[in-house]
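Here come two complexes built around subunit A, the first alongside subunit B, the second alongside subunit C.
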Partner chain A sequence: MQKMLKGGSISQEQMVLIISAALFVIFSITLDSFLQVSNLVSLLQNVSILGILAIGMAVVIIGRGIDLTMVAVMVFTVGWSFSLHLDGMSIGIALALGFALALLIGTVNGFLIAYVEIPAIFATLAMATVIAGLGRFALVESDTIFITSDLGLIGQLGSGRIGSVIPMPVVIFLLLAFVVYLALRYTRYGAFIYAIGDNYLAARNNGIATRPMTILAYAVSAAIAFFAGLIMATTVSTVNARLANSTLVYDIILVVVIGGIGLSGGKGSIRNVLSGTLLIGLLLNGMTIMNISYSVQNIIKALILLAAIILDSLLNPRDEQTSQQGDI
Partner chain B sequence: MSASETFMRWRYRLVPDHVVGEILSKNWIDNAIPMIFLGFAVPLFAFILPGVLSTGSLAILARVLGEYLFIAIGMTMVLKAGGIDLSVGSNFALCNFGALYLVNAMGLPLIVVIPVILLLGGFVGAINGFLVGYLRLRAFLTTLVTLILVRAVVELLSLNYSVAASYSETPVPAWDYLGTADILGVPFSLVVAAVVAIVAHTLMTRLRFGWHLSAVGGSRRSAYNIGLPVNRIVAQTYIYSGIFTAAGALFYASRLGSTSGTVGIGLEIIILTAAVLGGNSLGGGRGSVTKAIIGTVIVVLVSNALIRMGLRTGASELVLGSIMLAAVAIDVKWMKNRMKVLNKAYVSPTYLALPPNPETREGSGSIYEVNNRLGEAGVIGQGELDGPEDVILDEDDHLYCGSRHGDVIRFFAPDYTRHEVYAHIGGHPLGMAFNRDQELVVCVGGMGLYKITRDREVVKLSDETNRSLLSVIDDSRMRIADDLDIAPDGRVFFSEATIRYNTSEWMLDAIEARGNGRLICYDPSDGTSRTILSNLKFPNGICMCDDGQSFLFAQTWDCSITRYWYDGPRKGETESVIPDLPGYPDNINRASDGNFWCGLVGMRSPTFDLALRMPQYRKRMVYRVAADEWMYPNMNFGCLIKFDIDGNILEVLWDREGAKHPSLTSIREHKGKLYLGGLFNDRIGVYDIPGADPNWTGISHYWGDKDNG
Partner chain C sequence: MNFFGVKSALRAAGVAVAMIGTAGIAHAERPDDGLVFKYQEAVKGKTVAFVPISMGFDLTQGWVAAVQREADALGYELIIRDPNWSVDAGAQALEQLIGEQPDILIFHNNDTQAYTKLVQRAMSAGINVIQMNLKTPVNADAFVGGDWYQVGADVAKETVKLCGEGTSGKVALVRGPVTSPASQLGVVGIEDVLADHPEIELVANQAADWDASKAHAIASTIIKQHDDLCAFMGLWDNMDVGTAAAVREAGKQGQIKVVTEGGGNQESGCNNIENGAFTSYIKVDTRSQAHQLANVISILLQQSPEPGSMPIGLYTANQVITADTLTPSSCWTIDQIKAGN
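For the complex of A and B:
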């Protein structure tokens, strides 16, 4: 498999693009409503939120981490902001508070992982539980918050369109992808993240401030989660707290892993996120049009994720001699 | 002595500082924090929530506890091998639904339902086991995926079959019995869980499978390299976890009969919290059934209390998640720093005031005056030996000595240029003596008392003694058996230098200067060993007196030689022979003129003598200075003394340069020559004793006349 992919001329990214193209063709032929402008636009719009979240996740995974709190952060920080706003606070201050909470949560995540040295996946899983508990207990009154007031420019983030065709979320997704691409590729902080993900100890021995950098990575992903939540809320004018119980966070991991960013860190770039987003977006849209039930969709997604993880472990095999102790 | 020094003497005599380090070094210390938490939590909840400890409430708690215990034990196995199983919640829901469907909709008897459900759980576990064990995927993510997968399957099933599964036309009493029965007031589920816990405990601590789990979890790489089937072992843990989850689900299904979609949601978090809170480590190696039980009791109590407080939704998630994070944080930090804390806390110096140090300077006129009489001593086996701590010669004049490699080496008479490995024991031989049958009896550091028969067979005589009542550490085990001598009736008296340190760390005992050592008597008639004298300051050399009732022994850090009566009218008494040596005495042996030789392994210095009177100074040193920089006794010089039974020093021999025969640990007189061994030396010294009896040998002198008489 490895030889085929590396020796041959096809990279995983290209393979994903080929599969996406194939799916696109198949769906166009078999599904009546697929190849309509309205459907394609809504596909892009739906997938852009997933894509934005995946960009945040990619930053963390490249640094050999994982952030399972993203959906909880997205739902409850934004939900808190709009709860405050509905209780009479001005939208600017409410959003600033929500954003500050998101940054705080990201920092706590990073602290637990970098300084307390809890394995990232466990720390963020537990934090997701804590955030969801805190959210239901203190931040958000009900499961669904309807945004009734006119938000002006902020509202345009989700519902606006450029040239009355391209939805604003898609534009933001692409812009964010470009900015994070530049940051990862051309700033020293990006290089540090790659170095940490590639070999944590070597990075540390080289004098990179690995711990603050880890905190930075989780703060970035929390901030991105907040923006994704804001866009989602302004698109549909509601905040749905039940989303925190959904499997959305695994969809995000699916996008990142399918795109070709190795879970062992140090590999991949934003381009992989774009191709992964495209494939998963197509898949989700196709399944929805085919009227496949939510549970079956979950089964299909889980199987694909499983296949992706197996593929990932075949491409980046774990050796008994080099596998890290406690790397669960 | 000043008042403050008197105070310090009593303070260190009365306060057992060393116990702190010994308690910290215990394995059960890991369970202490959760137990203390439990000790505080129970009264607290009883106080805040009246009725929480009422019988009715406890009965429900006990049932929940029983069900959770199964899953927590399974999780513990997975954790111990270095994995994690998040799919337990979904698996639980699947088995719950499956059991209800089989019983209610299909009306199958329990004899079929129970094995089928256990197999179902085991099957889900086997999927995890295959993926994680054989395909070596990441446990966390893989079981997360199976969590979603199985949950989706349960949703699909309950969509189609939940009506049929939820109700049975004909009541099934045996099924209801499972969930509601009590045995002597204890819920049936808890009874079964207790049995499973005992079996699992035995499996994990006493059987091969459990040791393999520890090996894989402790160091996967090493386990792989020694040839353990790592993949299979890891896979098995998931199968166990699946089966145990199914067992919990069976009791749950019988008790509640609920096919609701919320069954088992978040269960993995509860079980993980329980397992980790009890002290099972994420990442493997450390885990036990006891820990799982402690953690599960706490979690069940806390979550029950949270429900009773009637807080808003989310509160219990918030609290459980926070407890779990705190537990993991403590666990991670404790695992990382445990050895560091332990190393610092373990060394606990105490107060010791030695008598004034006798003068040794050249020209001082002292009996201990430095000379160079050993400077001309010959050498045997230079560069070929490593640590001949003790030397001995047999009736054929062959020379035996120990080596750090765990061998007894024999040099052949008469020129001692050829040598062979006489026997391989495996530990550093520290003391040797011939018994009546001319078999070599050896004290082996780290191993105990051994005998080498004339056929060169190594026989263990003793490696444990009676455990004393109040010792925290296990003092039945022998750490540094040091030197021995054999009474005429065949009893072996030997010294154990310290019960607190292993052979490689013996110098740390010097920093403590506490009476950590003891004398042990091995009786060959019944093969038992008893401690006869304890709290000695590094007891070392032992040599029988000619009266057949007493022996002399040296205490190294006390710089003294003492006589002990093991028989006769003064049985059990001790008497100081030399209280104030200028150095640290090691082995004692007989001289041909009826007196005794004793080697000094190092010399006292005014600074270290002063440091011995300042225990808090040495404690600070251990805490703040790197171990390489610690102050130790001076071991670079050695000298030999000859003394009589009344403690008069007769002769003193020095190697002035300290280059040829430093740190003398052993001397053996044989046919007019003196053979010298040293713990760190690469040679054995030979010194011609002027005027000594050229035919005297230790064996015939000691055993010869006893054979006749």
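For the complex of A and C:
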């Protein structure tokens, strides 16, 4: 099977694109208003926040980590910013404080993983609970924060449109994807992250500052989570802190893994995130149009995640070199 | 320290036989109307425990504001254990509280079935039980809260009114989680009303998990699919702000109506009626629920009936608010409830 998949010279990413193309054709033929510009635009808009979060997650996963704090960081740092703003602080300072908090949390995550050497999955799982607890205790008063004031230009992040057609979240998603693509591909920091993800010890022996790089990766994912939260908040004029209890973080991992970024690190690129996001967007859009019930939608999503993970372990088998203690 | 006056001591002696324990020294200063001391005695020093779904949202904050105010005034203790949306943590907190034997235990059921056994256990342990806003299939001493079937029915009736002649008659439903009593019963209410109105076509029925951004995604897809949609029906304002945002984004505010339900919080309710996000709003008034809850606590503390022997129901009367019927006092803020308004 493994040979067939590899020998057949078809990567998981290509397979996802083929499945996406097939779904696209099927939906276009069978669903009435699927193939119209406005629907396709809203398809992209509806997954752009998920896609942005997945870009942050991808950076961490490529460096052989995982960041389960992303959703908690997203809702509580942004929630805190808007709470401060609603209490009278100017929006600029409030957002700067929220962003600083996100960076701080990312740095703590990275520190716990790089220096205290706690496996990423446990460190971030525990941190997610800490953030949610702290958030409920000290940062936000209510699970739902209604943004009642006019935010001007910042409000446009979520609800604005370019040329009155393309929603800002989509533009930001694509722009961010491009920037992170360039950073991973053409800067030495990008190369370092691949090296660390591929073989941590070898990277270290070659003089890469593996520990600071790990901190950088988690700080980046936390920063991206903050921006995703800001876009989400300005789209619906609310911050929903209950999302911290939801399964959204697994949806983010779903997008990354489905696109073909191996959980064992060192592989994949932002292109994989784009194809993963596209597939999920097509599925969600199609299932909503078909009016499939919520439970069945969950089953379909879960089965796809399972299939992607099985495929991942076939395409990227564990061996003595890649599997280590504390590995995810 | 006060001392008994001769007159008041004589007056107090008249009812002393009927009283359990002794009247507080501070109370003895006032004239006795035959009941007030008994009333004060019955509630003072008692314990009332509440396990909400979460303390982090407007409804629970509103209820607690009123009950806490009364607890402070009357001298009973209000214990709150917040499980923060976790049914498991809630069950643990309830188990623990049953062991601690408060006089009254207030359940707030996020899930229709999950706490059924615990309600029964608490009552057989001799604790009076109130079910707040969301009910399990078993009866306790009291239920205080929304009549969710009727709420759904009222949402549908408003929608039918808005989507009659001259419209497409196409409506979409964005519901809450499958296991939530409010959503479950509300959806049945909606379906029953729509069954009598064949001119209304339910073109989509999707769950958004009480999450505004999920509702936004679903609504924006449905709008693209049904360009001539007449209305969205929702079952909670906290979620339906997402639906309203999608309608606004599509430039169809006013054309596609949003009919929703909520506790009447100023921010999530009336502000959104005023700015046109919600067309019609079924208010299940948290403020009056909060006062009813405080009253029921007071009644149960005074009577302490055999648990479960005389179940009472106080179903909140629904009120329809639209831009035309909106007044400055249609909604409330937590601070107002805290101040006793």
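In the analysis below, the second predicted complex is superposed on the first by the 315 of 328 C-alpha atoms of A that agree within 3 Å, B and C clash if a C-alpha of one lies under 4 Å from a C-alpha of the other, contacts with A are read in each partner's own complex, and residues count from 1 in each chain.
As a convention for this text, a residue touches a chain if its C-beta (ideal position, glycine included) is under 8 Å from a C-beta of that chain, and two chains touch if they have at least 3 such contacts.
Model, not experiment: these values are computed from the prediction.
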item: A:L263 touches, of subunit B and subunit C: first, second, both or neither?; value: first
item: Contacts of A:L305 with subunit B and subunit C, given as first, second, both or neither; value: first
item: First, second, both or neither for A:I121, with subunit B first and subunit C second; value: first
item: Which of subunit B and subunit C A:D32 touches, first, second, both or neither; value: second
item: Which superposed partner A:V130 touches (first subunit B, second subunit C, both, neither); value: first
item: Contacts of A:S295 with subunit B and subunit C, given as first, second, both or neither; value: both
item: Contacts of A:Y250 with subunit B and subunit C, given as first, second, both or neither; value: first
item: Common interface positions of subunit A, toward subunit B and toward subunit C; value: 132, 136, 293-295
item: Parts of subunit A lying in touch with subunit C, wherever the complex brings them together; value: 32-33, 36, 38-39, 42-43, 45-46, 49, 132, 136, 140-144, 146, 148, 159, 167, 232, 235-238, 240-243, 245-246, 284-285, 288-289, 291, 293-295
item: Contacting residues of subunit A [partner subunit B, same complex]; value: 112, 116-119, 121-123, 125-130, 132-138, 247, 250, 253, 263, 293-296, 298-299, 301-303, 305-306, 309-310, 313, 317-318, 320-321, 323, 325-328
item: For the subunit C and subunit A complex, residues of the former touching the latter; value: 54, 56-58, 61, 84-86, 178, 203-207, 209-213, 215-218, 220-227, 238, 241-242, 245, 248-249, 267-268, 271
item: Contact set on subunit B toward subunit A in their complex; value: 82-84, 131, 135-142, 144-146, 148-149, 151-153, 155-156, 159, 219-221, 224-225, 230, 266, 269, 282-284, 311-322, 324-325, 328-329, 332-333, 336
